[in-house]
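Next up: some structures, all given as structure tokens.
Below, subunit A partners subunit B and then partners subunit C, in two separate complexes.
Here is the complex of A and B:
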């Protein structure tokens, strides 16, 4: 074998374990889901194999699915904006702090050591009728009866922010860390105030990190189903809850497959747009 | 074949230069692959001699009682291990069974006669030889008859316990008189807006909607009225709960004042000292649970295990642990002191006082009602 041929083969040989894993664990199951989405659910018993567009037609034209999908995107967008507003100052503080960065980063990572479900459920003990907040307010006489704070869209967003904020902070932090602080000093030496230097130098340079954090928060938020299940009221549901119900409760795997692929495609389009304008490399930087 | 000697021969040839490094490693890899492929198949062949049976149930005190009174004695008597698994819900478990290899799951503690019918419809049933389960003689005929109506020529399960889904209420806010006066309609009473709960299960929602609209739950004629009742409940409810633990938490924390609830769970709350009342309204939702043997299981070994599980000492211990009466007929077996005090207990052994879901009727409507409920639940 020639040296050139060997060099051409080498990357593929090195990549083959990863490609094998991706094929077996991602592409093959995805192919099964695609095939399933064209099957039909029978009223009772096994599904009907074949190539039917009924599930897709319903998923794309039914106003119920459209409503839940739009509501899911709305909740994910609100969550992302709140994460950005809360996460930027925190990331800026960590990036510009001296000496204790490691401790601050460790504190940021601490929530990941506790199960996401436990973290979500902790809000019940904080916001519940006999939770910490109501008990405290009643004990100081601010209120005479517990305020109803749980089980609505607001608590769903709160739970999502709690879950996703560290992802946003980390991405912005990585971006801010890469900015030369001399640039801000140069701007101030040329007459800009600190605020102007931040707005016109630091903020634009950190936008890729903000966008990467935004994308992560949005995609993870739009795909969640645990948070609305635990903190939502009777009407509060996100698109992933419909997938869960179709597959687990209704045993309608074909419809559940079509719905999960629809969500995948919608989020895929968003990722593609992001990649077109900012590139995926920023995302991997934030994760790294 | 002696693999060590073959390895040594290959190594010697390689060291002598008779074998290329690439070929040597290739042959070693092939030997490893052959061993890896052979071993699982060899295990499958040996599986003809049953070494273990898998049981899946609801976990907690029930599992502990099964382990102590049935699984360990069974293993001591037969040498067959019982692998004890748990599941959070019947629907989720069925999804797992459907996507598993035949024989992976053996016995499941299933809820409701409609679950029995669903497993039969999916072709997941077996034919039990009840002669191998002598303790079946002690079980109430009324419970077995429900399964025989679905599979007249055979049984794939034995009845195990029963209970009701009645009204649970916080006595600090709702009196016994009020619950008896209003019955199921209390769940759509605006006076309790924001303090009402409900199980996020389409069957229970529809059953109670039938009661709220004065209809027979096993023959609902005015569907629109029933869906309207479900919508009213949704608008007044604070939360749909999804598990027994969540039900108990919502009631114990005072988040909700009234909901429908599982008799055993409410009895457990009462045992813990909470002032929670329980009331089965007329035509309240009765249900039974069974131990279902799944297709592909070692049937004889499972039959023997079922007999251990149905033994009075096991059944009574499990029943006392989970607060649901056992399937054993109280007129044939002394059930002790606690069981006759449990909610839903029927001393006559006929179960005439309870209303059970007609599996044909409910399973026939499952596809449509479960999907419609998913929409109604979200405001449609």
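Here is the complex of A and C:
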């Protein structure tokens, strides 16, 4: 075998375990879901195999589903914007600090050591009617009755921001790290104030990181069902809750499959748009 | 009047003193080089002049005005970095125009001045390119154009040539000096490369460990170093430790190993007070090797231990008794071989003397 042929084969040999795992654990189940989405649920006994468009028709036309889908995208968008606004200064601070960067990054990763569900539930102890905040306010005498703070869209967004902020900070941090600090110094020496130098130089150069963090927050936020389940009220369901409802509660696997594929496609389109304009390489940079 | 003055500047980072009580006066239009090994505080000094660092103590005066409290963007300085620091998301022309946009220059004048600046650095056609499409040398010229187009009061250059290839570096040296002379801007140049400093400067400030060791014209610091550090840092020197027997107006008489009694002219011993411990500085290229002793110069036998052939010259590592010496001689026909017995000859007026 020639050297070239061997060199060409080597990456595939190294990739094959991962490709095998992805095929077996992701692509095959996905194929099952695609097939399932065309089946029909029967009230009694097994679902009816076949090629029926009923689930898809309902998924695409039902106004309730559409409302939830739009609401999901709206909540994900708000969460992403808040994460960007809170995350950027934090990332900037870490990137520009001397010496203790590693500790700051470690602190940022610390929440990941605790289960996401536990972290989400912790808000109940803070915002609940006998939670820390209400108790404190009542003991100081600001209020006499506990305020109802939980189980609305606001707390869902709060929970999502809590969950997603580190991803945003990390992505922005990585792109800020790659920017030479001499650039800002050069800009100020040329007459720009620190703020102008930031707007003219650092911000535009860090946009890829901001976009990558934004995409990640949006996709993860739009796909969540745990946060609205724990922190939302009955009207704050997100799209993944519909899937959960269909599959777990109603045992309507075909409908659940169609809905989950619909969400996958909507988010897939967003990722494709992102990839078209910014490229996937930025995203992998931020994850590494 | 001095363009830039540092009065008793100190810079501490925590407990570490990067620059110790330094005073310096840089004349209008001069090309002054801060020269010293890596870590001696050159960049720190430059950044304090620029306003990127605040001095812990002392006063910085630019153009007769105390600027300690003037932020960098109001100091009107041109800054050039070793890594060019061009804005990667802006074209060459936008990079050069950057400073003019903060100076209320009308648009057509910006266009004209950018064009003139690009012509000055001999890259008039590259305005539409992005920095990453340029070579290192081209990027550094653009960085220079960007710094001088704003007509700065002082041009500050931090090792601007260090990232370039050896050949290009020598071309850029000449080019940079030509541009500086043409526009006559007061320039503070930072380098650790003694040959750059010697070739370009009107004045060299030799620094070591946060202190100024010597300030002088290139020839002065080279021929009459003020300290052993300066003697060793600029060029290859032999330092022979001995005693000063007497010091008079016509010169100093030193007693040193290998050469015995040496009479150093007064001008070459300005820091030597009187009798006592002293050192003789002998430049490697002033130590001439011959087959026979010289009658008109000091002379001492030695053995060549190793030869470093450099083309037009050779560097010899010599031993005379317990003393190791170096000589760098031009090669006439062929270099002396290693192991040869030679005579080192030396004219006393080529030596300098330092206090011991």
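General observations
In this section, the second predicted complex is superposed on the first by the 278 of 288 C-alpha atoms of A that agree within 3 Å, B and C clash if a C-alpha of one lies under 4 Å from a C-alpha of the other, contacts with A are read in each partner's own complex, and residues count from 1 in each chain.
The working rule: a residue touches a chain if its C-beta (ideal position, glycine included) is under 8 Å from a C-beta of that chain, and two chains touch if they have at least 3 such contacts.
Because the structure is a prediction, the values reported are computed rather than measured.
With subunit A as the common reference, subunit B sits beside subunit C without any clash. By the touch criterion defined above, A:182 reaches subunit C but does not reach subunit B. Of the two partner chains placed by superposition, only subunit B is touched by A:150; subunit C is not. A simple residue count on subunit A separates subunit B from subunit C, and the partner touching more is B. Using the contact criterion defined above for the overlaid structures, shared-chain residue A:193 touches subunit C, although it does not reach subunit B. Contacts of A:204 after superposition on the shared chain: subunit C is touched, whereas subunit B is not. In the superposition on chain A, A:248 makes contact with subunit B only, while subunit C stays out of contact range.
In the superposed model, A:100 makes contact with neither subunit B nor subunit C. Judged by the touch definition given at the top, the superposed model places A:48 against neither subunit B nor subunit C. Closest CA pair between subunit B and subunit C after superposition: 48 Å apart.
According to the touch criterion, subunit A has no shared surface contacted by subunit B in one complex and subunit C in the other.
The touching residues of subunit C, when paired with subunit A in their complex, are 50-52, 71-79, 81, 83, 85, 87-89, 98-99, 102-103, 143, 146-147, 150. Remark: subunit A residues 180, 182-183, 185-194, 196, 200-201, 204-205 touch subunit C in the complex. Those residues of subunit B that touch subunit A in the shared complex are 89, 91-92, 94-95, 98, 117-118, 121-123, 194, 198, 202, 234, 237-240, 242, 249, 253-255, 363-364, 366-367, 370-371, 374-375, 377-380.
Considering their complex, residues 41, 43-46, 64, 67-68, 124, 128-130, 148, 150-151, 229, 233-235, 237, 242, 245-252 of subunit A touch subunit B.
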